Amino acid sequence: MPVAKVHRISASAPNDVSGIAASIAAGRIDPKGVVAVLGKTEGNGLVNDFSRGMATTALLRLFERHLPQAAAAQICLVMSGGTEGGMAPHWILFERAEGEGGASPALAIGRAHTPALPFEQLGRLGEVDQVAGGVRAAMRDAGIADAADVHFVQIKCPLLTAQRVAEAEARGASVATRDTLKSMGLSRAASALGAAVALGEIDRAAITEAQVGTDWSLWSGRTSTSAGIELTNHEIVVLGMSPAWSGPLAIDHAVMQDGIDIEPVRGALKRLGLGAPGQIDAAQRSRLVALLAKAEASHDGRLRGHRHTMLDDSDIASTRHARAFVCGALAGLVGHAEIYVSGGAEHQGPDGGGPVAVIVDRG
Amino acid sequence: MPVAKVHRISASAPNDVSGIAASIAAGRIDPKGVVAVLGKTEGNGLVNDFSRGMATTALLRLFERHLPQAAAAQICLVMSGGTEGGMAPHWILFERAEGEGGASPALAIGRAHTPALPFEQLGRLGEVDQVAGGVRAAMRDAGIADAADVHFVQIKCPLLTAQRVAEAEARGASVATRDTLKSMGLSRAASALGAAVALGEIDRAAITEAQVGTDWSLWSGRTSTSAGIELTNHEIVVLGMSPAWSGPLAIDHAVMQDGIDIEPVRGALKRLGLGAPGQIDAAQRSRLVALLAKAEASHDGRLRGHRHTMLDDSDIASTRHARAFVCGALAGLVGHAEIYVSGGAEHQGPDGGGPVAVIVDRG
Amino acid sequence: MPVAKVHRISASAPNDVSGIAASIAAGRIDPKGVVAVLGKTEGNGLVNDFSRGMATTALLRLFERHLPQAAAAQICLVMSGGTEGGMAPHWILFERAEGEGGASPALAIGRAHTPALPFEQLGRLGEVDQVAGGVRAAMRDAGIADAADVHFVQIKCPLLTAQRVAEAEARGASVATRDTLKSMGLSRAASALGAAVALGEIDRAAITEAQVGTDWSLWSGRTSTSAGIELTNHEIVVLGMSPAWSGPLAIDHAVMQDGIDIEPVRGALKRLGLGAPGQIDAAQRSRLVALLAKAEASHDGRLRGHRHTMLDDSDIASTRHARAFVCGALAGLVGHAEIYVSGGAEHQGPDGGGPVAVIVDRG
Amino acid sequence: MPVAKVHRISASAPNDVSGIAASIAAGRIDPKGVVAVLGKTEGNGLVNDFSRGMATTALLRLFERHLPQAAAAQICLVMSGGTEGGMAPHWILFERAEGEGGASPALAIGRAHTPALPFEQLGRLGEVDQVAGGVRAAMRDAGIADAADVHFVQIKCPLLTAQRVAEAEARGASVATRDTLKSMGLSRAASALGAAVALGEIDRAAITEAQVGTDWSLWSGRTSTSAGIELTNHEIVVLGMSPAWSGPLAIDHAVMQDGIDIEPVRGALKRLGLGAPGQIDAAQRSRLVALLAKAEASHDGRLRGHRHTMLDDSDIASTRHARAFVCGALAGLVGHAEIYVSGGAEHQGPDGGGPVAVIVDRG
């Protein structure tokens, strides 16, 4: 019976994997079981963020010392740039172990790799459908039959480059956009909608291509997507609860309606046994294994009726403002800032808000 | 018997005083009674922040339409740049009215202007002593006898310019620094220590000149200072509770030990009747008149044991990171982000933390 | 016979008009003759650049002390934010005086105000045609019959706001874009094309609406446009040579094919008597009254075959990079950096390059 | 008889060493002869610039594929972050080959590694003396007897970290500063003064410790220094002309008195046969092998009498402004922007100016 392990490890630099190496050396982590690594790195999270590449390179080199190259390449590496405000750079490793885990149902981890996406389908219904299929496959891999038991889906999706656009047009196909930066947003958007379909949050028949990346009334409350240049298919990780798994870990989720809507998160923590009227205390904090959230500036420039200036600041990108602010709100609730808050939330939570997942050690 | 009024008014731009003008026109604000205006404006809060000057100009022109120039000049205008994250640009007007106010003791407002500070005393014990005297004078003006009844002191202090340095040196005097930016920090630091002495938080005899702007173990838990080029003396506003005043408003304060230490603020709100286990609800929110706080990045680069990157980010100043983050933590508590969070907290609260004042309408 | 005067005056802050005031007091400038003021102010030149508004306010208040409000309002005020690199903040005043000026033909100044532009025409052929007509009117006002004698056209054009979009849609009209920032670029683009038509640089019949703001092969070599929220029509200033004017001043222009293509500018200076093999010397420099240029990052990310990173830098806007860089190239030629380099060069010069105008005192 | 080779190779990313790898594969570069690699990488050139680390890692991995680890470690790698404006990211490799080179005297390359510097000597006269000795050793290695034949000295110097400060203090020693960032400037400053002493530009007896990093009247016109955390000693590369070397390459230098003082550089180019009245043409450009310069904002905030705003911009560091601006001035002279302009010019050229070195292929 599989047992899910989640390791949250601090990083002292974008390429500092020493904490992971130490855990492997101490036998706390078995590289063979590592399914995915999420990393918060300290770049700007935008186009010229080199901290993500540094992190990926360092992680690959570490795992290649322990695994065959092909096996290391199977590990899903999702680097999210931007540790604004007090956010602490860190890694979150998801490991699938075997053996006697105790409590069940428990946290379950599933993974799927989709086939390569034809570039002309990126940001379109073709990508929505491919991702929907991929999420269903990852659910099967996790042993989760009911979509209601899925609490978090992490998707790494492709983007368009000049060469990819050329390749498609050479075949007489036309792409959704020739703008690389725009293609990242469209791919995140279509992937999020695909997950929403697989999770039963949105009826596939109700989605038109024109809504991808434009109609923010459509969203998933359990999905986080990020686009990367290094792949042409989708890497999908599903986290949920399954009777086929055992172990001390459990996961739940919440949806923030805006950047300071923390009460639903408090509710999720409480459902997992971390109830507290105010900020959770040190004892409970030690049982909070990971907190994953999405942040963005609301498109109407307002927060609960008051104006925010995040979209008008030409010196600091709105995503950087939003991560610092939302991390502050969540850190005020849980009592530390080693939180995974990422930006770029197209169709991931309502406009200005976002999905949040909490993973707790039931002890 | 005086009655204190506090008006929090949103601003749609750094020079948008239309909301204040409307309140004056509607009779809600009597310009003759306005003692001070605090403003959060949307610049960077650093050297080239022009939003503060725009705001001051617009406010002066507004008040000069209603008051003799000399009277308008008496109003203490404190502009704090930087509305990072979801923080909402806004004004907070402090008005002293007369007549039947109801409950007593109540919020009391006092003001004092010190004589011009000899430039060679800036950032030194001479400034500490002058400010201590000024705070005592403002307490008398507010009718507050016991320093324990003071909950917030706002001080506007001078800075050094090349001309001022030259003027002092021409007299054979030597200044604390020739660096204008440094002089702002030193003036804020000495002013904060002066207030701490007047409030009985620090024993004057225990302060040596070398500690000004260096020994962060010395701090006031009730003071906020900001340096401005437009004055050569100090403008001091004291807020506290006094039996000589009546009215629905009350004030209390708290000290955050770090950027996410919100429970002391929850406690202060509770003492004023706004108790809530989680985020205070809309009904209570409407009774929260103003929330004033200080934010800064801890100098050791850590928050509760985890690393923060605010001091290493050469693209965004640490003060901007800190305001966004702390505003998020406080907004998560009170349910909106029209909060006055300012940076530059030398000797104002412990390293990485800061004082917070809450003003509530007891209804 | 009119005489054109051009006054270049340094500014010590965005609202420092003291130099202009001093020139008026000394009789060097007659406010009644001032046609336009161009200003380089030290903001970021982007959305939240408050330095432009500060400058406009200060200039208006100055002129209103000397002129009837209506007359002051006639002066065309064009503020360009962004003094990156060594660029010096400064004002350039264009004055029309009367009397014996000496040499003729000489610099001629013309101005025109178009009617208000229906919002649905902004960024479309309707704006192109309205501006073309306005430029022709300004040429007549300047006494310039031959478009070949026009060397610089400065246009201030409107932009769309949420209210303006709503007003148009209420009439059943549809606007070119609902994005305010985009509308600025489209308005600059259509205005530049309109000027190009009036100057005979582009055949009106050859322009389709789809090319506005997209086909960079269409451009004017003598036009500079900037969008402002404070007007709904166009303010147009034309500078050229006319036999109807006399005086020591002369103007010529050049087109830079890229950001370092300074030889055409050297040629224009030489044609006006400022010939020099290398950097022009102090004596000649004193005769260079004004240098006006446009700067932008080439859209293909390359400069003479080498990669530039201006478009990939998410920390600094490409317009800020380009102004600093082009100002350096031009300052290396003329020997000082009190140069008017502005960004946003849609259809103003070739992609990555831009038009340059030089005004010289023939002594 | 040794022959110096210099290879300037474009980089498409901070870790793009493919161009170097291709030159090695094609036999144009012999890894065994590589003495040093200078790199301009596209980060911010400040504290959180990860592009430098990416570059160093990629270069080391490349050379370790061709050389024993110890030999690869001997190559001096100097990464300079910041390619503002149109500056092109690129590598400059310095190689020492043997055999028939033709013309002599010719470009000569020398290198020296000093012993580890006791941390308490960093930024003090002890570092000045150690570097002076190291430069003399590198001159001997280059076969340059007369300091007048040295045209460029590149020094990589250490900095202080918390651990290093602790190590020194544990021995009862006191360091020049405990501020890491400050220690970088002090180390660059002391190293530049040391080189100036070795080159006979400054009399050692005339230097007092208090002048290090404060008295800008002391400077070298041929030195460039940069501080790195990865070493505790100094890596010194000397470039000059020597009769002991042969080959087509020659070097000369110039000193810019300010950021736009390009005529001395034109003079140096002319001395090496690249004379041109204006911008040098494509034919001559192909013979300009490398251009190395230093840039900084003048401390008095003025450039030739006009104000610059580089020191007052809290959104963009002055070093970033200065690199973009100076690169523009030099690119206007030489006709391309693949130029090595680095910041942080303590005692390297006069205040606001800097040394420039040009390397030309005499064909």
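Here the chain labels run A, B, C and D in written order, and each chain numbers its own residues starting at 1.
In the analysis below, a contact is a pair of C-beta atoms (placed from the backbone, for glycine too) under 8 Å apart; a residue touches a chain by one contact, two chains touch by 3 or more.
Owing to the predicted nature of the structure, the values given are computational and were not obtained by experimental measurement.
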| item | value |
| --- | --- |
| Fewest touching-chain hops separating chain A from chain C | 1 |
| C-alpha-based rotation, chain C on chain D, 0 to 180 degrees, nearest 5 | 180 |
| Most distant chain from chain A, judged by the mean position of its C-alpha atoms | C |
| Chain C and chain D, separation of their C-alpha mean positions in angstrom | 40 |
| Whole-Å separation of chain centres (CA-atom averages), chain B against chain C | 43 |
| Euclidean distance of C-alpha centroids - chain B vs chain D, Å | 47 |
| Junction residues of chain B, two or more chains touched | 42, 44, 48, 309, 312-313, 315 |
| Chain B to chain C touching residues, read off their complex | 14-15, 42-43, 48, 50-51, 53-54, 57, 315 |
| Chain A - residues contacting chain B, complex | 10, 12, 42, 44, 83-90, 259-260, 262-263, 266, 277-279, 297, 303-310, 312-313, 315-316, 320-322, 324-333, 335-338 |
| Chain A to chain C touching residues, read off their complex | 44, 46-49, 309, 312-315, 317 |
